[in-house]
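One chain, subunit A, appears in both complexes that follow, with subunit B as partner in the first and subunit C in the second.
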Partner chain A sequence: MDINTLLQGIIALLAILLLAPLFAGVINKQKAIFTGRIGAPVVQPYYELKRLLRKETINAGSSSFISDISPAVNLIAMVVAAAMLPVGFMKPLISFEGDIILFAYVLGLARFFQILAAMDIGSSFEGMGASREATFAVFAEPIFFFTIGSVAFADNLTSIYDIYHSIKLNNVTYIVFIVVCSISVLILAVTECSRMPIDDPNTHLELTMIHEVMILDNSGVDLFLYQYSSYVKLCIYAIVEASLFYPFAVQNSYVAVIIFLVVIAALATTLAVVETVTARFKLKFVPQYLLFATAIGVLNLLIYTFTK
Partner chain B sequence: MKNYYPLLMLISTVGLAFVGGLAVACFTKINSIMFLGDERKEVKHFHVSVYDYLSLGIFALLCAGIGFYPQPFVRVINDVAGKSFMPGSSSPALLNINWFYISLIFLAIAAGFILIYLCKLGINKKYGRKISPAWGCGYERLNPRMQYTASSFADQLNTIAKTVLGYHKKIKPPAEIFPAKNRFESHADDFVDSKIILPLFKRIDTFISRLELLSYSDIRYYVAFILVVISIYSLIGFLWI
Partner chain C sequence: MQNVLSIIFCLSLFYLAVTSRVKTYVTVLQLQGIILTVLLLYPLIEHFSVPALILPATLFIVKVYLIPKYIKKILLDLDIKRIIEPTIQQFSFLLLVIFTMTVIFVASNILSKSTGIETIPFASGFSAVAVGMFIIIFRKKLIIHVAGFLVLENGIFLFGSTIASKLPMMIELGSLLDIFVVVFLMGIALNKISSTLSGFEVTALRRLKD
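Here is the complex of A and B:
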């Protein structure tokens, strides 16, 4: 890896880490506008993070070292996953053959510790959230491999950067294949980031939450780390989706960055619209929703394979 | 002819992802119920010998070792899969992975974790940290019996797959307004066991029980049976030659 690529990778990673809360703020602002409210400023997530950082930390009496280490494991897992993504379609900091598997399992590591930390509290509320997270993860993980994995399969590649850079728009079947993949990725992103219609990030009713209920008994710097990790995770899935638009950005790097930012902004608007016009699904319908994404992924792959 | 081997590999990977998701659910359930939260009853006599820790520690170290430096183990698995199960179809993808990166990234994760944790300790020192009871949604008298159970944790997943698992619950509906002592049971039958193996053995058992008419207390009948069987075998042997 030459020095320019290294610097490019570091800048891209810093951009994700610095701008992740802004992305969440933009979604919230648009959602407020669509529902006829002024809403909080787009930098509100930064204020909230700053406030949390200055709060006293309160831990539940029954919590063990798992609750203590889990927020830090969550954040570092997200940072490493973010370092594997081609921000602005550029070469990421971490890129090698097989990194797609590492990417999936680094995100899995964060989820694993979050479930354990939720169960560590010993409260039924966190237990319910952990149970839901574990159940939905069973259906969500295959979606990733049936979308990004099937793009990889189409060209026999295993590096995220190479996979995205192999996307071409010279074949109608392939275009349809990529469009359906992007729909599956969007469903996955909504699920993984606990957004509507799977989960409502603004709700405060313990019985209905997934992500928020798992961190219900966290405060201060622990809550800061969880919240910041969730912003980075949202940004990660937005980049996973936006990178599918690579074929429109092959001309030069400046155009690529502009197109990338436009797609990210469009995604923020899409999420805001979806969250405005849809109600939350009943929890029993969430697995069906995820199986739908898996089914279209499987069909998409089979149709592409047999018509190639 | 098209080569569908990569497609097969992708479907296998997706299957593994599904199994991986189930493994996470199972491991978090077992680990959480055994080690996390508070014990329901006070455990008075509990002793684990050094040798118990040592034997489990070896497995834990092996797991960590494979995680940090997986290359030799992946090579062995790839060779076994390539030579024994799918001769000539071994994928070079696993061997092409530069496993040094994996080791480096795991070290980076460990280093990053230590850094974030130290920062967290510093912030806690500055702004304080205290212990408090868990959030009870207004109910103040939480006790260990109210903690989430393993059955509740697995309930949603079991309900989704209830047809295959034969998952069923037994609960008596409350008869009065105020809750009284009640009982709840949930079971998941083994599909293969309850629908295939046990019915099969039951039919075999029924068939064999019909042969009971051959069971006599007089030893001479048995000698006669042996002679008949030997005669049949001899006849078969004679006709075979």
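Here is the complex of A and C:
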């Protein structure tokens, strides 16, 4: 890896880490506008993170070392996952054959520690959130492997950078294939980031069913780490989704960055619209919603196996 | 193009498997009607002829306009509840659909090696037949049985368009008329049932005797 690629990778990673809260802010602002409110400024997530940093960290008396290390493990896992994603043309910092598996399981590791930490606190309420997170994770993981896997399978590639670069939007069937993929990746993103039809990010405490429940007893720096890693996670899934539509055939890097920003902005609008028009599902409907996305993935895989 | 339409058709089948509203069934049937019409219109771009327009036009009128309108009228007149009342969980139903579809896709790929059929449209049509049958088996409401029958019919139409290059148009038109009459009769039967029994569930029909 020469110095130029290394520099690009570092810039890409820094861009994700710095702009992640902004992305969440943009979604919230648009949501507010769609529902007829003025809404918080787009930089509100930064203010909130800053506020959390100033507060004292208190852990429950019953908690063990798991609660201490879990927030940091969460953030580190997110940073490692973010380092594997191509932003624009830039070659990611970590890229090797088979990194798609590492990507999925690094995110899995973060989830595992969050679930453990939620149970570690010893409150039954958080245990409930942890149980739900684990249940939905079981249904969410196949979505990733079936959809991104089917794109990978089409060209026999196993590195995220190569997979996204193999997408060429010049064949009608292939475009439909990618659009269908993007539907299930959107469902995956919504699930993993605990957003609207699955979970409500706005209601804190009792009404929120999954993610917010698990971090209910955290405060101060711990809460900062959890919140920040959830912003990074949202950004990661946004890039996973946006890269599907990214025309890698464009070879001018300035144009590439602009297109990338446009695609990300369009995605933010889509998420805001989805969150405005849908209500949260009843919990018993969530597994079938996720299985629907898996079904789309299976269909994709079947189609690509048999038209190859 | 045929592949693209077939993929959208398959997606609509998945949607039918998860939705729990009667109205959505009607909308999806309309969508499938549009897909089939586009499928018939697409070859006309190259070889245009006016008589060839008759079949797509009739299909559009019957499947996208008449039948959905009639079903909506029945729903309104008989005040049918909007939930479909499945006999098994939607989750298991969807699993069953995925499994069946996989088997059908693999089987039609094997078939396509020995015959000249196109795998994806053929498999999509075949899946629609299977899903239509499942809908009839696993739903309690009679009106949903009609929808299941129509899905099954759409499937036959789709794979019919892939096997035989040209069916005589009169046969296709005849079958469309047939479907319309069946749906019409079904509506009359439902009306009769509603005046005798209070519910529209198959379970209530067990009490019927001659």
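Following the convention adopted for this analysis, the second predicted complex is superposed on the first by the 301 of 308 C-alpha atoms of A that agree within 3 Å, B and C clash if a C-alpha of one lies under 4 Å from a C-alpha of the other, contacts with A are read in each partner's own complex, and residues count from 1 in each chain.
Criterion: a contact is a pair of C-beta atoms (placed from the backbone, for glycine too) under 8 Å apart; a residue touches a chain by one contact, two chains touch by 3 or more.
Values in this document were obtained by computation on a predicted structure and should not be read as measured data.
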Look at where subunit B and subunit C land on subunit A after superposing the complexes, then choose clash or fit.
fit
Is A:A110 contacted by the first partner subunit B, the second partner subunit C, both or neither?
neither
Who does A:I264 touch here: subunit B (first), subunit C (second), both, or neither?
neither
Could you tell me if A:V180 is touching subunit B, subunit C, both of them or neither one (first, second, both, neither)?
second
So, A:V172: does it touch subunit B (first), subunit C (second), both, or neither?
second
Using the superposition on chain A described above, determine whether A:A256 touches subunit B (first), subunit C (second), both, or neither.
neither
So after the superposition, what angle do subunit B and subunit C open up at subunit A's Cα centre, nearest 10 degrees?
80
Quick check on the superposed pair: does A:T307 touch subunit B, subunit C, both, or neither? Answer first, second, both or neither.
second
Going by the touch definition up top, name the partner, subunit B or subunit C, that contacts more of subunit A.
B
Contacts for A:I296 in the overlay, against subunit B (first) and subunit C (second): which applies, first, second, both or neither?
second
Just to be sure I read the superposition right, which of the two partners does A:P287 touch: subunit B = first, subunit C = second, or both, or neither?
both
Rounded to the nearest angstrom, what is the minimum C-alpha distance from subunit B to subunit C in the superposition?
8
Could you pull out which residues of subunit A sit against subunit B in one structure and against subunit C in the other?
287, 305
Interface residues, subunit B side, partner subunit A - complex
2, 4, 6-7, 9-10, 13-15, 17-18, 20-22, 24-25, 27-29, 31-33, 35-38, 93-94, 96-98, 101-102, 105, 108-109, 112-113, 116-117, 120, 123-124, 127-137, 142, 144, 146-148, 152-157, 160
Subunit C contact footprint on subunit A (complex, rising order):
172-173, 176-177, 180, 285, 287-289, 291-292, 294-296, 298-299, 302-303, 305-307
Could you list, by residue number, the parts of subunit A that touch subunit B in their complex?
53-62, 64, 66, 69, 71-73, 75-77, 79-80, 94, 96-99, 102, 104, 106, 108, 111-112, 115-116, 119-128, 130-132, 134-135, 137-142, 144-146, 149-150, 153, 156, 158, 206, 216-217, 220-222, 225, 283, 287, 301, 305
Subunit C to subunit A touching residues, read off their complex:
1, 3-4, 7-8, 10-11, 14-15, 17-18, 89-91, 94-95, 97-98, 101-102, 105, 109, 119-120, 123
